[in-house]
Structure formats: C-alpha cells, structure tokens
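Going in written order, the chains are labelled A, B, C, D, E and F, and every chain counts its residues from 1.
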Amino acid sequence: MKLVKAVIKPFKLEEVKDALSEIGVEGMTVSEVKGFGRQKGHTEIYRGSEYTVDFLPKVKIEIGVADDLADKVVDAIVGAAQTGKIGDGKIFILPMEECVRIRTGEKGDEAL
Amino acid sequence: MPNFPSFLNRLTSQNTEKPINSPMISRTLLILLSMGLATFAYAQDTDPATTGSAVANIQVADAAPESAEEEASLDSGNTAWMLTATALVLFMTLPGLALFYGGLVQSKNVLSVLMHCFAIACLASIIWFAVGYSLALTSGSGKDWIGGQDAFFLKHLSVDALNGDHPETVWIMFQMTFAIITPGLIVGAFVERIKFSAVLLFSGLWLVVVYCPVCYWVWGGGWLAERGVIDFAGGIVVHATAGASALTLAAMLGRRHGFPRNLKPPHNPGMVMTGAAMLWVGWFGFNAGSAAAADTSAGMAMLVTHLSAATASLVWMLVEWRNTGKPGLVGIVTGTIAGLATITPASGSVGPLGAIIIGASAGIICYYACGFVKEKLGIDDSLDVAAVHGIGGILGTLLVSYLGWKGELGGLGINHDTWQD
Amino acid sequence: MPNFPSFLNRLTSQNTEKPINSPMISRTLLILLSMGLATFAYAQDTDPATTGSAVANIQVADAAPESAEEEASLDSGNTAWMLTATALVLFMTLPGLALFYGGLVQSKNVLSVLMHCFAIACLASIIWFAVGYSLALTSGSGKDWIGGQDAFFLKHLSVDALNGDHPETVWIMFQMTFAIITPGLIVGAFVERIKFSAVLLFSGLWLVVVYCPVCYWVWGGGWLAERGVIDFAGGIVVHATAGASALTLAAMLGRRHGFPRNLKPPHNPGMVMTGAAMLWVGWFGFNAGSAAAADTSAGMAMLVTHLSAATASLVWMLVEWRNTGKPGLVGIVTGTIAGLATITPASGSVGPLGAIIIGASAGIICYYACGFVKEKLGIDDSLDVAAVHGIGGILGTLLVSYLGWKGELGGLGINHDTWQD
Amino acid sequence: MPNFPSFLNRLTSQNTEKPINSPMISRTLLILLSMGLATFAYAQDTDPATTGSAVANIQVADAAPESAEEEASLDSGNTAWMLTATALVLFMTLPGLALFYGGLVQSKNVLSVLMHCFAIACLASIIWFAVGYSLALTSGSGKDWIGGQDAFFLKHLSVDALNGDHPETVWIMFQMTFAIITPGLIVGAFVERIKFSAVLLFSGLWLVVVYCPVCYWVWGGGWLAERGVIDFAGGIVVHATAGASALTLAAMLGRRHGFPRNLKPPHNPGMVMTGAAMLWVGWFGFNAGSAAAADTSAGMAMLVTHLSAATASLVWMLVEWRNTGKPGLVGIVTGTIAGLATITPASGSVGPLGAIIIGASAGIICYYACGFVKEKLGIDDSLDVAAVHGIGGILGTLLVSYLGWKGELGGLGINHDTWQD
Amino acid sequence: MKLVKAVIKPFKLEEVKDALSEIGVEGMTVSEVKGFGRQKGHTEIYRGSEYTVDFLPKVKIEIGVADDLADKVVDAIVGAAQTGKIGDGKIFILPMEECVRIRTGEKGDEAL
Amino acid sequence: MKLVKAVIKPFKLEEVKDALSEIGVEGMTVSEVKGFGRQKGHTEIYRGSEYTVDFLPKVKIEIGVADDLADKVVDAIVGAAQTGKIGDGKIFILPMEECVRIRTGEKGDEAL
C-alpha cells in the first residue's frame, strides 16, 4: 500500500476531490498548510510599509491507496490540480506497511 | 526621573533590536517638547483672526463649577446628550481601539495589546479621579501651566454641582473618557516589544506629566487658552500629544525585530475594520459631545466629523489603489481614523465643504506620513500613531485657521451671518 | 445607461455561471418597476382610512427648513435623541451589517464583503452631501417626483437652521445614515461574484437614480406622500427598494458557481449573530428616531420594534425547528432581521399586539420567501435581501393598513381615544 | 412543579457527571430561599437610617402610571436619556453578554451559548409583554408579594400614558431589558451540559416564578420596598437572584465532565474582553438609566459605576498577579464585571470614594468567591455567576448601608448638605 | 521504527491519549484535519437552502514508535477510538528510517 | 528520496527556514500542530480555577529531499531549532518512493 501526499493550491480542492471520486477513491484526509517554495511569497503593502508573506496557503491531501491504484491517483491529481503556473505543488508517495479501519478492525487493502 | 532610561531598559522585553542609550533620552525629550511647542506656536501664529470666538469654542471657558452653580439650572436634554456622548467615547476605547490595534498586530500579540488597552483604561480612570481632573480642568492654582489641587480625589464634589447646564459629575466622566483614550492611543507605538508593567508605569506617569498640563493649557484656562488656540475636541490635547509621545517613545524603545523589511502583516483586517467602525460611531460622542450641549453646534460637529471621515477613507483608498494596484480594508479604515483625528480640532468651526477639504488633506498627507516616519525617519512607530493621530491633529489645527469661521477661505458651506457660537 | 449591461458584463468577476444577456436587462427593469409600483399601489388602495394621519406620520411633512426656522425653537431633548439615533443607525451599517453579511459568506470572501459595506458607506455619505439630500428631501423643484437642487453640496445650510425643533444638520445626518444602509443592504445580493469597482459604480448610481426619487416620493413631499402612503421609518424607501433592486441585480448578475446545490454554508454564525444584535440595537435609532423627537411616538415605536423582532425570531426558530429538526443560530437571527424590516413601515402606527402579529407574519412569510426566491425563482439572491428585506418591507406596508390606527382590525393594544399623533 | 426534578433529568444532555437526585432539590431550594432572605434581612437590619430616602431612590415609587398621568408632562430630555439607556441595556445582552460567555467556554460550545443568550432574550421579551410587566411593576393586586393582572398583554396601555415625565412605553421597554439580561446571566451556570429546550423552559418559568415576584417586592411596591430596602439598579433584583438561582441550578444539574481538575480553558479571551467592554458601556444605561431621568442622580450613578468597575478590574488583576505570577485578560475583565455588579444596588447612594471602596471589595471578595464556590462547595457554577454576580449584588447591598448617604461612614466624597435626591 | 498515523473522531482524542499513555507512549503530535470518506457529509439547512458539508472534522495523531510497540499502539487506538459507527477513521503505519531528538541530538529508539 | 518531518517550537520557524534556505532547500510545507510529550503541558489559572493544557502548540515542517541531502537537512534543523530545553521536538525521516511536481509532471529528484 502507499500513502499519497499531495500539496495543492486551495481553490483546486473541489476539482481534485471530484477527480479522485471518479477513479473510485472513497476516502481522503485534508489539512490546511502553508507552503514555501519556488513560488516566492508576495509582498503586501499596508499603510505604505511593505510586509513580506513568505508562506502561501496550500492544502495537503493524504490518501491511503492500494499499490496498483497509486499511479492512477497521481495522474488524477496532476490532471485536476495543474494550472501550469508556479506554485501548483507536489505529490509525495510513501510506502505504507499497514492500514486499519478503526470501526471494524479490518486490515490491509480491505481497510482503505 | 533621572534613571528613567535605565529603568526602561530593565523593563523592556527582549524583543527590541536597538538598546536604549541614555543620551537619546535627553534628545528625544527635546524632540517631544519642540514638536509640541512648534505646533502650538504655529497654531497661535495663524490664529489671531479667530481669537475672539475661540475662547467661546473652548467649552471649559465657563466650566468653573463654583461660579456656574447659582445661576445655571440643569437642562435635561443637554444632560441626556452628554451622558450618551460619555458612553460613546468610552466605547471608542473599549472595545473599539482595542480591536483596532488588536487586529493590526501579529496573532501572537493580540491578547497583549487588548490587555494594554483595557488596563490603561482602568488605570487612567483612577488617576483622573485622584489627581487628573483637578490638575487638568480646575483653576484655583493661580498658575497658567497647571490646574489646582482642590479637586484631588474629587473631594470638592457635591452631587448637584453643575457645569454649565449639565451636572459636574457628567463633565468629570466625559473628560475622563478623553483621558482614557489618549494614553490608549499611544499603545500603538510600543506594541509587540514592551513589558506589561512598563506600560502601566509609563501610561500613569504620562497622564500626569504630559496630558494633564497640556489639557490645562488648552481647555483648563492655561496660557494657550488665553492666547486663543482653537481646539474644539482635542486635536492638540488628545491627538497631537499622543502622536508626539508615540514618536518619542518608539524612538526610545528601538525597533521591533525585523523592522522594517521583515514584518508580519496585520493578522485580522476584519477585526481592524470592526474596531475602526466603533471608533467612527464613538467619535460622534467625542466631537459632538465637545459642544457640551445638544444644540446646533453639536449637530454641525457631527456632520463635519462624518463627512471628513468618509472623504478621508475614500481618498486614502484611492491613493492606495493607485500606488499598490489594489484597495485594501486596512487602508480604507486607516483613512477613516486619519479623517476623524484631523477634523477633531476643527469640528466646532468648519462647515461641510471645509470638512471635505480637511478629510481629503488627511487622506493624502497621513498616507504619506506613514511611509515617511517608518522609511525616512526609520522610527518603528508600529501602528502609525504619530503619522495618523499626531500629523492629523496638527494638520487639523493648522487648517482650521484657514477654513474656520472668518478664516481666510471663509467657513465654506456656512452662512457667515448666521454662524455664531 | 444604454450600455449598462455590457459595462456590467465587463466588470463582473469570473465567478458567475450565467453570463448576462442584454434582453434580460429590460425585463428586469420592468420587474423592478412593476414590483415597486404594485407595492405602492396596493399600499394606496388599502390606505384611504388613514390618509389624514399618514401625512403627519411622515416626519418630513414639516421638514421644509425655511418655513420652520422662524417660529420653532430648538428642543435640547429631542435634539439629544436625534443625535443618539443617528449614531445608532450608523452603528447598524458599521460594523453591524458588515459583520452580519461577513459571517454569512465563505471565509475566503469575508474581507471583500466588509470592504463593500465600508466603502459604500463612505461613498453614500459623499453623494448625500453632494446631491442626495437635496434631491430626496428638499422641495423647490416644483415637481412631484424629484426634489430641488438648492441644497446641492449643502450650500443652503446655515448652522442654526432648524428642522422642526432640532437642527437641520442633525436631520441631514440622520437621513444620511439611511442613505448609507440602503445600498449596503443590497450588497447581500451580489457577494462572492462581483468586482469592487462595479460595486462602487452601481451603488453610487443606484443611490441617485433609485433611492433619492423614491425617498422624495414618500418622505420628501412627492406623489406618494400626497396620496397618503404610510411609511414611518422606511419600509418602502429602504427595505422594499433594497429588496427589489437586490432581486433585479441578482438576476442580472447570474448565479454563483455551485448554486443552488453546492454552496458553502455560512462560515461564522457567531459573527452573524454579533452583527444581527448590533442591527437590532441600532434599529431602535432607525425606527424610534423616525419619530424625530423623544416623545410618546418614539417610545411606542421602540416598543413595537422590539416586540416584532423578538416574535419573528422565535417564530422563525420554531418553523425551522419543525422543518429541519433543529433550531439554528443563523435562523433565529435572520428571523430577527425579518421582524425588524417588517415592523419598520408600521412602527409609527401599531400597538404592541399589532407588533406581535406583524412579527409572527414576518417570521413565517419571510422564512418561506427565502426558499421561494432561491428554489422556485432560481435567483441567487445570495444573502436573501429580497426575501427578508424586500418581502418584509412590503408585508409591513400592507399589514399596517389592517393593524394600524383606525385600520380594519383597530390599533391592537392601543387605546383608540388617546392615540393621537 | 412536583416533577420538576425528573423533568430536568430528562432534559439534561448526557454531558453531566453526577445525576440529579430528588432530595437535592428540596435542599437547594432551601439554600436559595435562605440565601435570598438572608440578604434581604441583612439589608433591612442595617438600613433604618436610610429608610426615608430609600423609597425615593427606588425609581418606581412614582411609577404608577395612572396617578402620574394627569399632573406630569413629558420631558423630552429625560425621555431621550431613557430611550438611549434602553438601547444600552439591550446592547449589554446582545451581543455583550453573549460574547462574554461565548468566549469563556470551549470552542465547540460557543454557538450553543450564543444561541441560549439570543433565544432567552427573545423569549423574555414576549413574556414581559404577556404577563411580566404586569406582575412585576403594576399594583392593583392589593397583595404585597405580586403585582396586578390589569396590564397583561399590555392591554391597559395608551400611547400617551406617562410614567413620571417619560412615556410608559419607554418604561416598559427599559424594564424589559432588565428582564432580558437577568435570565441571560444564569446561562453561565449551565453551559456545556444542557439541552436547548430545557433552557427555554427553565428561563421562561424562572422569569415568571422568581424574577417577577422579587422585582415586585423591591421595585413594584411590595413588602421589601415597604421596608425600605435600597436597590437602585438591581443588585438584589437582577444580580442576587441570578446568582442564587445559578448556584441552585448548577448544583441540581451536576458537574461537567472533567470538573474540576480537567477543564478546558476559555477558548477566546479576546471575545471575552469584547463582551466585557460592551457590558461596561451598556452598564451606564443600566445604572444611570435607573435614575429614570437625565439629572444629577444619573450623572453620579454613571461616575460611581465607572470608578467601581475600573477599581475592581485593577484590584482583581493585582490579586491574580500576586497569586499566579501573571496578570491575565480574562481576570481583569472578570474584575470589571464584579465591580459593575457590586456597585449596581449602591449606584444611587454613594459618592466617588464610596465607589472606589466598593470596587476594591468586589475585586478581592469576588475573586476568592470564585475559588470558594468551585473548590470548597464543589459546585460547577461554570462561568461563576454566583461568585461574580450573586456575591457582588449582595456585597453591594450590604456595603451601601455603610457607605451610602447618612450611612455610618458617610457618603464619601459627597457633600452631605447638598446631597439630596 | 514506525510512524503510526491515525485519523479519529475529534471527541475521542482524550480517550485515545489516555489509552496511549497507559501503554507507555510518551509523545505524540496532533493536528486538526477534515475527512472525506464513506461517512458522507451531511446537509445543513440555512434559511431554507441546503448546504452540503462534504468534509467532516477529524483529528490526526502521529506517533513515532519502536517496531515492537507498533501493534500495541494500534490496538490501543482501536480500543479507545472505536464507536462502531461509520466514520471512526483509519490508522496508517509507515516505515520510519530514523528519528532525532532535537534537544539532545539523540537518534533511533532513544529519541522517541 | 526521503521525507523529513520535523516538529519544532513555533518561534523557531523563521530560523529553521533560513537555515534550510542556506543549504539549498527550496521548498517545504508547514502546518500548525499540537504536541504532547515529555514537556508536560502547563496549568493555567482563570478565576481561581486551574485548567490543564496538555497539548502545546508546535509547528510541523515537511521537506521532501534527495537521499544524500537528508543528513544535511537534519543537521540544519537541529542546529537552528535547538534551545536545549525540554520540548524542542523531533525529526522523523521516512523513506519516499516518488515525488511529482504537479506543474510540470516531472518526477524524482527533479521534482523536489
């Protein structure tokens, strides 16, 4: 199993969710994060002074998937989240040893 | 106060970049004094035409309670308005100013700023009761630079004493709310880098050493009042003193870590807007209440106050829009406060068109003053107290000479013949 | 205004689903007019019995300042109340309405909504000063559909002019706060999908083209006033115009992305509640201030305003409880606003029991109107301005004929013999 | 009400730890009664000197509208102030108290607390209209423990009826805002562990069964009024009843899960501060409005109210600073509320120095009372209603005997000869 | 070493924390997340309109544990967080190569 | 590739960011978390009652890095975030199988 971790632009969340639903992903966990990267932060001007905003708001999605689904998930995310502009984000794929569904105690691919 | 610098040194929290050095103190005290005097002198220079009416404008002229007691009788309408105005001015500080400042700082400092505003309000109230009212607004000392001591702890007070045609108790309360907000304004100069105990100590001392004398000079019958300075609702007493002291203090305390290139933006513009809106509404009490009656003077004060605020907001917004490409919430409401501070000294002497001119000047000049203080002077007056309140108060004091009744441009929008105060 | 649609097209931000098509404009302008006229006509149909007193109810009847000046003298108590009422009505918009609307939208749009409300308030103030007051509330044009031009830029104003027994300056300010909140209300129709510059342009034009004439018709001595329409505090002038225009505008602008099945719920019900509470308190100034005096009429207006708000809140809550299984904060406070809007035109003419009936009707009818506009008409009037304010204002105008003094049901809870205005 | 306990049992949500046992009910009802009576008795014991003036202090003395109607005529100034005061007291509850309480609970409960406060305000308004005003403030029953029934549904009301020199409508509204805030205060006792329907039921019943009689006893001409109890603005009627009932209810409901060692701290001290500031401003209407006129009594009430609040805030802060090592925002504003509740019964009878003493006592005694109720009594009076309001109201009632006019210590700061009410 | 990542219902956090303390887990890192899964979001009705709430509030717990403790940790979490109703959440177990305690620079199991 | 996950004290974020920039790390993702550990929570006293605060605010940083950079990253973080007082936090290093840059679709070390 794999854990797919994607950092995307916040306003793309709905589209990514829909794209994932379409390929049969039924669960995901989402959190608000701040990103620092090539897309440098911008400056905001308040009352004539500049303020630098280094960290930009991003959304992180974590999805546990069976091994064979991982590539499809990655493609779906890239397809939905891509704008082509800098700051689109990253996808990280980590190996996962086990998954448990708390409600039933099921393990493995069953639990996803 | 000889070891004030080292004392400050000890109390300053570790957030500052530049340690305070003793010679600086004397220098800055000089700055403070000279700025203050410059203002007053200027005001005086350009004011001769208005001398006659100015004294009448200053509502404390007939405030010596003893003399008023016998002849005057209470007017319930004026008293009702003064009670209301008092509530409105307290509302400006709590929670208005607290939210305004609280929203402008980083989120980790918001509670400390709220605490500063709240505690200063309480402390200033007690000091006003103990010595402030007496020193600032009662005569009896025979001096022209400080008031008497007969009203310490309000021991002179009888329940049915009148000030003009409203109770003296109401007058004490109304003026107390001014003494509350003024040190509150200065909070903006030292946020994010000062210890709480130092705030209390400084604010208490400042109230007695700076506010009370200046208040006496202008409103209590002191030397500036005698020379006919116009300050209807506190452009000098409240805003110029707060601004000058804020600048001095900010220079003394040194800069915040990261100033000026690496600061965090206001953490909550919505909170800033809420506070500014409350300040706007409360300012009706501040300016129209300074008429000390529910009369035509109060009505005109409210109208010009509102027009100046609205104009300054839009002008600030437009300047920002042009300069940065987008209008922002923090900008427009800062314009509001600039417009309100600037009209304050003039709100008893100008008409609607005068208010529009004052508001537009405030919107432009205070906007550029913010950049000037921080970029050119390099002083970290964190929430722009000097640029918005200080410059605003001084600007209004200067403009009133030209725009006010019988001033050079005439009282725009006011019928000269019927304008009498 | 022939290229208004294409102009709007350009200014609309990309969030909309349905582009604006030109034929729609004419259609919707028709809707607006017909809705408006229907209301007025109906109001007129059922009102003959009250004609006599209605004119007296309309507080501008004796507002022509020139005539009043000589005989009348200033009453400090009434002036005190009008000053206070003005502050309260400004407080309704800033920050009341801003927070109310700000809490209802998605969190990413809250700052833009606050900005809309604040900037509109400033702009409306300047327009009111420049042309609005003159067009809406002064005679001198000799026409029955628009006021005169003598008071442009308030150039007619003298500081001691009176309107009845309070200063004309206060009257200008009080009415200005109405001109501020009305375009502010319309913000609810176009949130989350309009450019800021379009908001300013629309609001400015709307104030001059729609608000000022209607205000003149009803309060300024225009044709509706002559026909005896009752609108004590702005059911037609403020709420029906805002509601009808909101509906029109929402239809023209098209729907938000995701409407109606995929919308985000209000991001901050606590903020909504805070705003609604401020609106409630401020509405005391709105309705009781419309008595233009601190008298028995103001007292009754405050009492019925409060009772209607409380009743509508509870009724809305109960309907929601029954329909959805749980009562919610957003629901109960929307009921409050419905109750307040509905009692507005009637607040000078009904008694306590009448207020309870009006409040209960508002709670039920506006509740179902929300669903009707969005589901049946399919118009994305995002924050339900038409359903709550428009329907409310019209409903109150209709009900006052039945519930008001000498209306068919009698002035419930009011002693007929002693009720005179 | 014999099955009240089991009823409560059913309605309580599952969050409680200790089930309610029936014998407890009788015990706590006893506590309530004894606490109440002790207060009143004590107040009476020490009050003989003031009996003469006390009746005059109670502003309902001349409130029987029928008798006042003929001779009195309306004073616009006093009416203006009473209208304003009414708006201020409503502002205390909505949004003041709601935000104050909302900020003190865990974030997951904030909406439920806001809902409680809002819905109670609506419900209390309707009940006051239906039966409350009549039972609490009209005579005509011939009994000394409950008022008459002639004003049910305000059916007696004529629009131009006066209460003293302001409209009776205003008096009904002003007192209604007191009936709104009192059950609202009790919310603090049961937050985080009660069903919404139970809140409505309890609050409605409580208003009729507890508030109305006590209000009649003290202000409506009942047996306590006859014995000369001083309660200027509601120390007994509002704060002591709310506090005693809160304690009783908290004991009956049992403790929150995790009490007392594992509770979550206030989720939003900034919100608490905002609410407290609004309460402070609104309290000016509460206390100075209780003078029922814009006169010297109102002025002194506002002054002493403010001084007590400021003193109690600072004293509480200092005690907390000493005990815990750092001063906190929640602490200082709780001190404010304690100071305000404590001065309430005394605000018509003490001078500035008396207010300082009362404030200082409030700051210390209520501080330790919080710990006492929760740690020693083990009662989970969640937001310290009993310790802050109950103890405060009782403390003020006791102190007024010593500090008030002609009391043992003399009216500090007040000139004895000129003090007449 | 393993990194155990559990997504649970928010109100179960206290119980899970206590259960973990009992088996000797001394550290954990917690964050607020939104979950999407079989437990479909609900609709809320405001003013007569329906609003769909897709993402439900959840709490994510991350615990670094030594290899042999992983199973006990999973059991403790399942035991404490299970309500048997849909939406109870998931546990993911990831391999972890190294752990460092910043304060001391200690590495490996020592650092946990 | 590795995913480095560091939990640090919030006020150290700026310094850690600067230290990472210096060694050439160009991207990172940051989130606010609550930590439970040896540094026990403190009690706060409100109105005379004690409240226990178990969970302390921390900041979590996630950085995807090439294998050979991992040690330098760990050293940089330790260097910048260390105060020597309890509660300084932890660094976890997880194996990462793949990384994708959403904007370009690039994979592997390129994508970091």
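In this section, a contact is a pair of C-beta atoms (placed from the backbone, for glycine too) under 8 Å apart; a residue touches a chain by one contact, two chains touch by 3 or more.
For clarity, every value in this text was computed on a predicted model and none was experimentally measured.
Any chain bridging subunit B and subunit F, meaning touching each of them, is among A, D; the list is complete. More C-beta pairs touch across one of D-F and E-F than the other; that pair is E-F.
Rotation angle for the C-alpha superposition of subunit B on subunit D: 120 degrees, rounded in steps of 5.
Chain centres here are Cα means. That of subunit A falls 18 Å from that of subunit F. The geometric centre of subunit C is 51 Å away from that of subunit E, both derived from CA atoms. One finds 35 Å separating the Cα centroids of subunit C and subunit D.
Shown for subunit D are the residues that touch two or more other chains, namely 75-78, 80-81, 84, 294, 328.
Multi-chain contact residues of subunit A, defined as those touching 2 or more other chains: 31, 94-95. Looking at the complex, you find that subunit E touches subunit C at residues 44-53.
Residues 260-266, 320, 323-324, 328, 330-331, 334, 367-368, 370-371, 374-375, 384, 387 of subunit D touch subunit F in their complex.
Those residues of subunit E lying in contact with subunit A across their complex are 2, 5-8, 31-38, 54-55, 58, 60, 74, 77-78, 81-95. Listed in rising order, the residues of subunit E touching subunit F in the complex are 3, 17, 26-31, 62, 64, 94-103, 105, 111-112.
Touching subunit B in their complex are the following residues of subunit C: 74-81, 83-84, 86-87, 90-91, 94-95, 98-99, 102, 110-111, 114-115, 118-119, 121-123, 125-126, 129, 153-155, 157-162, 166-170, 172-173, 176, 196, 294.
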